[in-house]
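The same subunit A turns up in both complexes below, where it pairs with subunit B and then with subunit C.
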Partner chain A sequence: MPAYFLEIAIVLLGLGLLMVDAFATTLDRRLLGHLGIAGVAAVLAGLVFGVDSSASEPLWGFYATDTAALFYKGLALVCTLLVLVLALEYAPVLESYRDGRPGRRGLGEFLCLPLFLCAGLMWMASMTDLLGLFVALETVTITFYVVVAYMRRNLGSLEAGVKYLILGALSTGFLLYGLAWLFGLTGQTNLAAIQTVLVDWKGDTTPLLFTMALLMVGLSFKVGAAPFQFWIPDVYQGAPTPITAFLSVGSKAAGFIVLIRLLEPLLASPIRHAVLLMLGVLAGATLIVGNLAAISQSNFKRLLAYSSIAHAGFLLMALAAGQPAGGVSPNGVVALYLGTYLVMTMLAFAVLVIVRKAGGSDELTAFNGLSQRSPFLAFALVLAMASLAGVPLTAGFFGKFFSLVLIAGAGQWALLTVAVVAAACGFYYYFKVIRCMYWNDPVSEAPPLVFSQLTRVAIILLCVAVVVLGVYPKPLTCLLAP
Partner chain B sequence: MTALLPATILFLPLLAAAKILLLPKPMKGLAPAVSVGSVVLTLILSLVLWAKTGSDSTTVTLGSWINLGDMLQLNIGFKINALATGMMLVVTFIGTLVHLFSLAYMKDDDGKARYFAGLSLFMFSMTGIVLADNLAMMFIFWELVGVSSYLLIGHWFEKNSAAEAAKKAFLTNRIGDFGFMIGILMLWKATGSVTFDGIESAVRGMTVDPGWLTAAILCIFCGAVGKSAQLPLHVWLPDAMEGPTPVSALIHAATMVAAGVYMMIRVSFLLALPDAATAAHVIAWTGGLTALFAALCATQQNDIKKILAYSTLSQLGYMVMAVGLLAKEAAFFHLFTHAFFKALLFLGSGAIIYACHHEQDIWKMGGLARKLPRTTLTFLIGTAALIAVPFVTSGWYSKETILHAAHAHGGLLFYIGAGTAFLTAFYMTRLCVVAFLGTPRAHGADHAHEVPKIMLLPLVILAVPSVIGGFSFFAGRFLTLPPADHDHASHVPMIASLIALASGVSLGWLLYRGRDRDPVRISLLARKFFIDELYASLVSWGQDAVARIIHYVDILIIDGLGVRGLSGLAAVVGGGLRRLQGGNLQAYGFLFGCGVVVLLFIALSLH
Partner chain C sequence: MGTLNGYLLVSGLLFTIGLTGVMVRRNIIIIFMCLELMLSAANLTLVAFSRFGLVNGLPNHHGQLLVFFTITVAAAEVAVGLAIIVALYRAKQTVHVEDLKSLGG
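Take a look at the complex of A and B:
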């Protein structure tokens, strides 16, 4: 089976579920979510077992099926699966912020839209053509605009939507301008063809540098790198929590695959050192901003937002190293980092969704005494926080470790120092959450924490993944080879 | 051989522990059955492994664990030879009997499931230490036995002394383990490998800097000092007796504390290097001094378990001394026999304590020989082995080999060994005379009655290897016996130990027969040379001094120059970031534009 059947299957699944939502008026909308989960799981199985990447591709030229593409497709599918589980759990909150009679408050569409996001992310992973890349990216971004503002009676959600729309459009403009320059300079839209032109670039490098800066602006926005990270805390806080999770994992992964694909020709061109330096500057600024600002946060969702900025800093740092070191390659480290980041971030958001549903608040105080209210959830969140901080024997350790190995191998000691200090800061604000859960007493009459068996299974699997990948990273380290 | 069999032996107890923890509350009653089942099965599989291995030495790999290219390649591998299979049999055999004993001993305990999960976790960790083919894996399991020991010592954590003892054991071990870890890293740096085979072939093929090698060996030895409770890190073991008695028998007498000795035997090829003579010397003296010191302390203890704990320290000292004297066969031989008779003595003391309604003071016992005839008999067999009654006990043979090694080496260590043998005979006679003879001195001993059969059974079974464990027809099957050198064998060690035994027993008999109170009071020994007090004051004094210095450094340098500056900077930056993050969309757009300008400026200035 060619790989692009998977995207087609996901789109058909999404359209089918929308039809069901439109015509089967008496149906419990949750069923759509369950069907979506089953469908995504089936496509995931197809990706793992059924894809024949060596088959001749009728879409050749702008559709790659290399290992990286397949890995990021898998990442998108797993992410979507977990987001759907969270969305089902979050449904009562969502419906309380929508108009209409019960059962007709748009839950069905909310459960279908992540599928279109998923399809966009999967296309993006494969695109090797400027046009295709841009269309895929915008499919994702525009869908995000819709779902971020989905809770129409919630001012925060609306505000987040507006901010995301305007700033997103601004950044897209810069990205598109950069792509146009790239096309103008080389006369090609295919990345491989662009690379052949740029390798032998003899002319003035000023237009190349200009193009590079424009592309960096657009993509820094997508991955949440400083100084284009301003939207992240506000949008993350306002958006429905499952969507925040999707943004912080899926959108970031998408940004990085595009960044890797677009930088490849530039890194082969005469301006290679400038690209690496620019990445290093962005990485350093992002690490500092993300970690320093996270320290003073008292809202868990904003904390996770800054944490996602901080992680983007580590990812950019891996890319800024520019060369393999110690048997690991920058692109491999980014893939491994994103894989582990998915697991631990989703775990944190899963617990947040449940606590938010019960307590009506995202503040850190809502987590006070969680160890007494639900030892299971508290333990899961401890694992997530330890992993996000990068404690050894949790999944999060290896990503940070390898990005430090890379940057040390490249001899960029200033950046290494910043990263080590940033990682140390991380311990403070992640462990603040643990302190809330275990040291503080719960507010009296704290409502019981209820969640479905499906969510419980998902949380258990994520916990197992955090520990297993921390102890036995073999399944992911195969990505690392240069 | 495939890695399947050792892997099964390793992971079976872990599965049991996990299963017990996951059992729903009403089914916690199944916990003992799961745990006992797993340990019996591992005993059978260990026998199979022993039979299949014979005298071969193989390394099998279960799979790659961490592969970082040229930097480091770690496998989950097992190094299986006669040493490992012999140790496995000791661990699983005694483990099985202790599990059985615990069935009765812990029958009415509320935390029974937790207890058995802890035992299974311990069996898993100990198996990992025994089978691991590299130091990194061994270190992880090393820490895991530390954890399970912590959990089991602190089993009755509501009791303050138990919680304190657990903490003390864990922290003291941490000191040793830190050295162990540094030693592993030093060896890795020197040889580029952490597997036993890799290190061995590396040190054979090249010369390591003697100073570096000595430091590495001594750092690794730190781990053994912590785990096998040698001077000066011995303080945790006597306190660890706060745990349930079967745990003391399994972990703090027979197996875990012997892990340090076992590990040193595993890396004994390092000690045999000509450059390592200094390190070997230090190790031998550490062992010898520990043996003597602990035996001295044991003579003035009144708690039956404390006496046995100090006797364990002393016997471990013998083993470490043998390792240092490059007599690794003698060390393992003594480890082997000691495991049986010391487990027997501890389980016996458990039975006595149980029978006397949890009375541990030997001066409140007395006349137990009539009340508990069978327990007394097995306890006396264990005692006979410990004090090395010639020719008919296992302890005689193994202790002889160590004394022979010391004698062959020459110098003071042999006299220390012989002196320890005298003290051993003395304090064990004291214990037996006071506890078993005379008349009951307290209510508990007066109402003691024979323990249930399931507690008696392990005692009887352990009595058998305590007697025959030293005979070459038996021990020779399970381990490599030290080479007997009949031509040059001196009779001095044998005569010395016979004199030590005779004088020790008679002195103990004469002093303590018919006494109701201790006629000898040496507070220096009773208070264990004041080492605990010394450490406590040293720690508090040292902490105060260091704290004072750090305080001034803090105020003058860090606060004055560093933090004020840095924290001020962080506050300014944080405040600035906060102000920027005002939520105003127009401001965000403006900042976005500024960012674009900055990026373009940087990019174009790189031209």
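Take a look at the complex of A and C:
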């Protein structure tokens, strides 16, 4: 089966579920979520067992099915699966912020839209043409506008939607203007053809540098790199929590896929050094801003937002190294990092969804005494926080370790120092959460924490993944080879 | 018909006007219009490069193809964006960025 059948299957699944939502008026909307989960799981099985990567000839030059593309497709599918589980768990909160009769408050659409996001992410993983890359990226971004502002009776959600809309459209403007210049300079829209032109670039490099700057500004917004990270905390705080989880993993992965694809021709051109320098500066600034701002946060969602900025810094640092070192390649480290980041971030958001549903708050104080209210959830969150901080024997360790190896191999000692200090800062604010759970007393008459068996299974699987990938990262290290 | 540099200058000006508007203006509708101006600037750049970058005596059709897609994408963005702005207005009775203050840590 050619790989693009997977995207077609996901889109058909989404459209089918929307039809069911429109016409089956008496149906319990949760069933749509379960159907979506089953469908995504089936497509994931298809990706693992049924894809013939040599069978995509009808889309020559448009559509790559290399290892990286298939890996990012898998990442998108796993992410969507977990977001749907969280969305089902979050349904009561979502419905309380919507108008209409019970059962007709848009839950059905909320459960279908992640599927279209997933299809956009999967396309993006494979696109090797400016046109396809741009359209796939916009499919994802525009769908995110809808779901971020989905809780229409919640001012926070609306404000987050408007902020995301304006800054997302601004970044699209920069990116598109950059793409237009890239097309103008090379006369091509295919990335391989662009690379051929840029390798032999003999003329003035000023227009190339201008193009590179436009593209970098646009993509820095998308991945949340300083100084273009200011929208992230507000949007993450206001969006419905399952969507925040999707933004933090999916949107970041999307930005990095596009960045990696566009960097390839630029790094082969005469402006290679300028590109690496700019990436290094962005990485350093992002590491500093993300980690220092996270320290003072008292809202768990904002803490995770700054944490995602800090992780973007480590990812950019791996790319800024620009060359393989110690048997690992920058693109491979980014893939491994995003894979482990998915597991630990989703685990943290799963616990947050349950606590938010019971206590009505995202503040860190809502986690006080969680170890007494639910030892299981407290343990899961300890694993997630330890992994995000990068404790050895958890999944998060290897991503940070390999990006430090790369930057040491490239001999960029200033950036290495910043990264080590940033990683140390991380320990402080992640362990602040653990302190709340184990050392602070719970609020009296705290409501019981209820969650479905499905969520319990998902949390157990994520915990196992965090530990297994930390001890035995073999399943992901095959990506690392230069 | 002008020169390539002329068209690039105009599109650069459009882009700058749009960007300035986004940063200076406080009304979300006007900010949104300025964003559309930036996308139009990019489209003009694409069309100009396409018209002046002749391939075998014909305009380079790759760029024009890209313009069709960006126009469609921009239209979708406007549809969603205006809906969100209307929802905000109905909830808050305002479309000024200074009034968006309910988020923060």
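Assume the second predicted complex is superposed on the first by the 481 of 482 C-alpha atoms of A that agree within 3 Å, B and C clash if a C-alpha of one lies under 4 Å from a C-alpha of the other, contacts with A are read in each partner's own complex, and residues count from 1 in each chain.
Methods note: contacts are C-beta pairs under 8 Å (C-beta built on N, C-alpha and C of every residue); 3 or more make two chains touch, one makes a residue touch a chain.
All values derive from a computational prediction rather than experimental measurement.
In the superposition on chain A, contact is made by A:M212 with subunit B only, not with subunit C. Once the two complexes are overlaid on the shared chain, A:N299 sits against subunit C while remaining clear of subunit B.
Of the two partner chains placed by superposition, A:F376 touches none, neither subunit B nor subunit C. Of the two partner chains placed by superposition, subunit B and subunit C are both touched by A:P233.
Applying the stated contact rule after C-alpha superposition, one finds that A:I166 touches each of subunit B and subunit C. By the touch criterion stated above, A:I142 is placed in contact with subunit C alone, subunit B being left untouched.
Of the two partner chains, neither subunit B nor subunit C is touched by A:Y97.
In the superposition on chain A, A:Y4 contacts neither subunit B nor subunit C. When both complexes are aligned on chain A by C-alpha atoms, subunit A residues 162-163, 166, 170, 174, 233-234, 296 touch subunit B in the first and subunit C in the second. On the side of subunit A, the complex with subunit C involves touching residues 130-131, 134-135, 138, 142, 145-146, 149, 152-153, 155-156, 158-163, 165-166, 169-170, 172-174, 176-177, 179-181, 183-184, 187-189, 233-234, 237-238, 296-299, 302. On the side of subunit A, the complex with subunit B involves touching residues 162-163, 166-167, 170-171, 174, 205-206, 209-210, 212-213, 216-217, 220-221, 227-228, 230-231, 233-234, 271, 273-274, 277-278, 281, 288-289, 292-293, 295-296, 326-328, 472-474, 477.
Subunit C contributes residues 15, 18-19, 22, 28, 31-32, 35, 38-39, 41-43, 45-46, 48-50, 53, 55, 60, 62-63, 65-66, 69-70, 73, 76-77, 80-81, 84-85, 87-88, 91-92, 100, 102-105 to its touches with subunit A in the complex.
Subunit B contributes residues 63-71, 570, 573-574, 577-578, 580-581, 583, 585, 588-589, 591-592, 594-596, 598-600, 602-604, 606-607 to its touches with subunit A in the complex.
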